[in-house]
Amino acid sequence: MAQETLFEPWNDPNESPLIQFKNVTKKFGDFTAIDDLTQDIYAKEFFALLGPSGCGKTTMMRMLGGFETPTSGTIQIAGQDMNNVPPNKRAVNMMFQSYALFPHLSIYENIAFGLRRTDMAKGAIDARVNEMLKLTRLEKFAQRKPHQISGGQRQRVALARSLAKAPKLLLLDEPLGALDKKLRQDTQFELMDIQEKTGTTFVIVTHDQEEAMTVASRVAVMDEGRIIQVATPDVIYEAPNTTYVADFIGDVNLIKGTVELRVSSAPVNDPEPGAVAENIVDETPSPQPNKLGEWIHDKLLSPIIGERIEPIKRLPPPSTAELAASQEKMQTAQDGGLLLNWSDKNPTIIVSNGDETKDGATLTFAIRPEKLNISKTKPDAPNALQGKVIDIAYLGNVSTYYVELIGGQMIKAQMANARRLARRDITWEDDVWVSFTDTAGVLLER
Amino acid sequence: MRRFSLIAVPYIWLLALFLIPFLIVLKISLSDAALAIPPYAPQLDFAGGWGAVKAFFADLDFENFEFLTTDDLYWKAYLSSLKIALISTGFTLLIGYPIAYSMARAAPEWRPTLLMLVILPFWTSFLIRVYAWMGILSNEGLLNQFLLWSGLISEPLTILNTNTAVYIGIVYTYLPFMILPIYSALEKMDDSLLEAAEDLGCSRTSAFWLVTVPLSKTGIIAGCLLVFIPTLGEFVIPSLLGGSQTLMIGKVLWEEFFNNRDWPVASAVAIILLLILIIPIILFQRNEQKQREAEGQ
Amino acid sequence: MKRFSWFNATALTLGFAFLYLPMVILMIYSFNESKLVTVWAGFSTKWYGELIQNEAFLNAAWVTIKVAVFSSTIATILGTMAAYVLVRANRFKGRTLFSGMIYAPLVMPEVITGLSLLLLFIGIGLDRGVLTIVLAHTTFAMCYVSVVVSSRLVSFDRSLEEAALDLGCSPWQAFRLVTLPIIAPAVISGWLLAFTLSLDDLVIASFTAGPSATTLPIKIFSAVRLGVSPEINALSTIMIAIVTIGVIGASLISKQASLKQQRDEQAAARG
C-alpha cells in the first residue's frame, strides 16, 4: 500500500493535521468513555479506530460528528474549535452502522437529501446525485425505496448519501458490519477505491481487526477510553507495543520471563547510531533512535514540549530470503539483543532485536503462530524448543498445531498447507521441535 | 428555545387540566358543605391577604373523612366494590385464559384474524356493549326465553338489576383486556419447551402447570390488573345492569355529587378510592417493569 | 408445530360466541317490527326511519362528532409532543412529575377525572359546554396518544434523525422530514384511538357537559336507563357497523402494505 508513494503525513513535520483531539475526556455519568485523549489525524488519511465494544471508539466518532460534546478538552477540525458546532453545521458527514436510510424516500431522494438542505440549484443537485449514483454503481436503483434493494446496495446508498455533500471528513461507523463475509471483502476494496478517488479523509470505527488492517492507512487500537497504539497496519501487527495490542490483532503466543543481556553480542553500548542496523545483512535497516537527540529531548525539551515518545520499533517486512528460510532452514542469530529466561526445562530464547536497556526486567515475549516452524528433527535455527503435538486444527489453507512444550507451556504454530496434506507427517502425540528466528518475535513490557 | 416549548406546552396543559383539578378535589374534600354556590366552604380568598389564606387553611379538616367512617354506606360500598372487582377479575381470568391459550395455539396464519376479533369489540362503544345485555338478561329477555323453552326452568330468573348481571357485564366488557396480555405472553413461548418438559417426564397436564402457566405469569398479572383497576371505579355497568342493592363506589360518588350535591363528601370518596387504587397501580407498574427487563435481556 | 386440540377449538368457539352474540342479537332486534324488543314481530326498518327524524339524537350526534374531531386532533398534537419529550428528553426538571401526569390519567377512574375537571371549570368560572368537553377529552386522550406514539418512538432508529442532522437539517426539519413521516402510522392510530375514546365517553362528558351541549352517549344513557328501546338498537347497529367497517378496512390496508413490503424485500433479496 504505502510502498509506492509513501503516504505518511504523520511523519512529515510540515503537514498540519486535519483533526486534532486535545486532551479530550468524555464522561457519561460516572463512566469515562474517553480518557484524556490526544490524537492527530491528517487529511486524506484512512484512519481506523479499532477496539472491543465499549472501548470508546464510537464515542470518539460521535464527537467528531457533533452528536456528543466532550466533557473537557477540545476537538479541532482544520484548526477550528468544534465543541459548540451542531452536527448540521459541520462539514463532516457520517455513514451510520444501521445505514439510517430514510425508508420513506427513494434512493435518489436519500442521496439528494443533504444537498437539498443547501442552497444548491436544482440542476446542480441532480448532476451531483447522478454522479454519486454512478460512483456507487446504483444508477439502476435510483427510484427504488431502501427496502427494495439488497444489503450490499443499501450500504452503497449510505456511502453515496454521506459523500454527496463532499465533506472534508467522512465518518464510517462499522460500515460493513451488516454484510456477510464475502461481500464484506469486496466492499472493503470498493471503499478504499472510493476513498482514493474522492480524496476524502475517512475515519472508520470497527471491531473487526482484519477490516481495519485491510482498509486503513493507520490503525488506532483502543481500550477503555485510551488509544493504546497508533501505527500503520504492518507495524501494529509486527511490532505491537503491548500484549493487549498483540493479542487483539490476530493470534499470538505469549511467553513471560526475565531478560538478560546477550553476552556473545557485539558492542553493547555502541556510541554510533545505526551500528546494529549495519550488522543486519539481509534486511532493510529500521530507523534507530539518535542517542544524542534523545538526551537533548529528555534533558531540555521535555518540560516544554512534553515527554519524548519512544519511536515504535518497526520491523521490516520479511525478505524473500527470510521467507525461503522459514520454510526449511533458519539463518543463524544476529548479534546483540536479549535472552529470555522463562523456564528451567527449556533453553533461553534469543531475541536479538530486544531493547538492551531493559536488562533484568520481566517481559513478555510475543510471537505470531505463523512465525513458528515445526519439524520432527532438530532444526538449525537460533531458537528451537521441544514439545509434543496435542491437537491439530486443519483450516484449509493453513493448519494450526497446538504444541505442549516441556514444562507445560502451550504454544500455537501455524503452517501453510502448501502441499496436499504434506505436513501430515506430523501428527497427534508426535514429539516435535518448534523453531523460530531471533527476530521473529518482540519483547513487550505490558 | 424550541426544546423548552416542546416540553412546556404539554407540561402546562397537564398541570392545568390534570394536577390542579386533582388538587382542587383534595382541597374540597377537606372543606365543609355549605348551602351556597359553589356548595362548599371555606372559599380561598386571595384578596384577603395572608390572614385570609391562613384562616382558609385553619378551616380545612378531615371532617368528611370522619363522616365516611361513621356512615356505613361508604365503607360497605368500598368493600362491595372490592368484592365485585375481585370476583369478576377471577371470572374474567377463568374465561379469558383458555381463549388466549387457544389463540396462541392456533395456526400462525389465523392468529392476526383472531387477534382482530378480540380487538374489534374494544373499538365498539362500551355503552352499547353493556346495553346489549339489558335485552338479553331482562325477565322477558332472550336468555329467559331460551331457558324456559328448553325446559331447564319453569319460571323466569331475575338476573337484570342484580349483582350477577354486573358480573356478566364486567366479564363481557373487560374480557379483551384479559385476553390480550396473556395471549402476547403465550405467543412468545417456544413450543419446544413443552416438548422438553414432556421429554423429561411431565404429562401434558403437568407440563401445562409447570411450564406454560409460569411463563405466562406476567401476562396473567397484567391482565388481572387491567381488569381490576378500572372495575373498581366502574359506573356504567352497575347503574345499567345492577340493581338498587348493588353498591359500587363509582355509583355512590356519582349520586353523592349529582343527587345529593354534597361536593366535599364526593371529593372525599374520590380521594379514598384513589388511595385504594394506589396498591394495584404500583403492582401493575412493577409487573410492566419486570416484563420490560425480561425482554431487554 | 403447535398442537391445536378440540379443547382449543371449543374454547375459541365459545369465547367468540360470548363476545359477539350479544351484539349480533342487538343488531337483529333493531330490525324488529315490535316496540317490545324481546318479541320478534317481523322484519322492519321503521326504527331507523324514526331515528333519522329524532332531532335530539341528531343534535347530540353532531355535538359528539365535533367534540371528537377537535379533542382528538389537539390530543394527537399534544400527545405526540409529550411522547417525544418522554422518549427523547432524558433529563429535565420535573420529568418524573411529567411522566406521572402522562400515565396517571390512564388508570384514574373516570368518575374522578370527571369530578376534578368539573370542579376546576366551576372554580375558574368557565361555562360548561362544547369547549369544556373538548378540554376534558383532550386531556385524557393525549395520554393515550402519547403512550401509542412513544411505543413507536422507542423502537425508532435514532440514527435516522442523526443522519438528517448530519446532512444539514435543523432539529425541526429533521422531525418534519424524517421522524414524522416514519411514525405517521402510530400518530394516525393515536388519533383514531383518541377519536373513539371521545365518541365513547359517557362519564367524563356527563360531568363536563352543560345543559347547552349533550353528547350522544349522554343521550343514549338517559334513554337506556328507562329500559330497552328499538331506536337505541338501531343507533347501536349503525355505530357498530361503522366501527366494524373502519377496523376491518384499516387492517386490510395495513395487511396489504405489509404484504407488498414483503414481496419487495423478497424481490430485493433475489437481486
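Read from first to last, the chains carry the letters A, B and C; within each, the first residue is number 1.
Keep in mind that, in the parts below, contacts are C-beta pairs under 8 Å (C-beta built on N, C-alpha and C of every residue); 3 or more make two chains touch, one makes a residue touch a chain.
Only a predicted model underlies this, so the values are computations on that prediction, with no experimental measurement involved.
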item: Minimum number of chain-to-chain touching steps separating chain A from chain B; value: 2
item: Greatest separation from chain B - chain, by CA centre; value: A
item: Identity of the most central chain, Cα criterion; value: C
item: Chain centre separation in whole Å, for chain B relative to chain A (CA means); value: 62
item: Inter-centroid spacing, chain C versus chain A (mean Cα positions, whole Å); value: 58
item: Centre-to-centre distance between chain C and chain B (centres being mean Cα positions), rounded to whole Å; value: 18
item: Two or more partner chains touched - positions in chain B; value: none
item: Chain B - residues contacting chain C, complex; value: 2-3, 6-7, 9-11, 13-15, 17-22, 24-25, 28, 38, 95, 98-99, 101-107, 112, 114, 116-121, 123-129, 131-136, 138, 140-142, 145, 172, 175-176, 191, 229-230, 232-236, 239-240, 250, 253-254, 257, 263, 266-267, 270, 273-274, 277, 281, 284
item: Chain B partner contacts - residues on chain C that touch it in the complex; value: 1-5, 7-9, 11-12, 15-16, 18-20, 22-23, 25-26, 29, 36-39, 78-79, 81-82, 84-85, 89, 92, 94, 97-98, 101-102, 104-105, 107-112, 115-117, 119-120, 122-123, 135-136, 138-139, 142, 146, 171-172, 196, 199-200, 202-203, 217, 220-221, 224-225, 227-228, 232-233, 236, 239-240, 243-244, 246-248, 251, 255
item: Complex contacts: residues of chain A adjacent to chain C; value: 65-67, 86-88, 90, 92-94, 96-98, 100, 102-104, 113-114, 117-118, 145, 147-150, 153, 161-162, 165
item: Footprint of chain A on chain C - complex, ascending; value: 157, 159-160, 162-170, 173, 177-178, 181-182, 261, 264-265, 267-269, 271
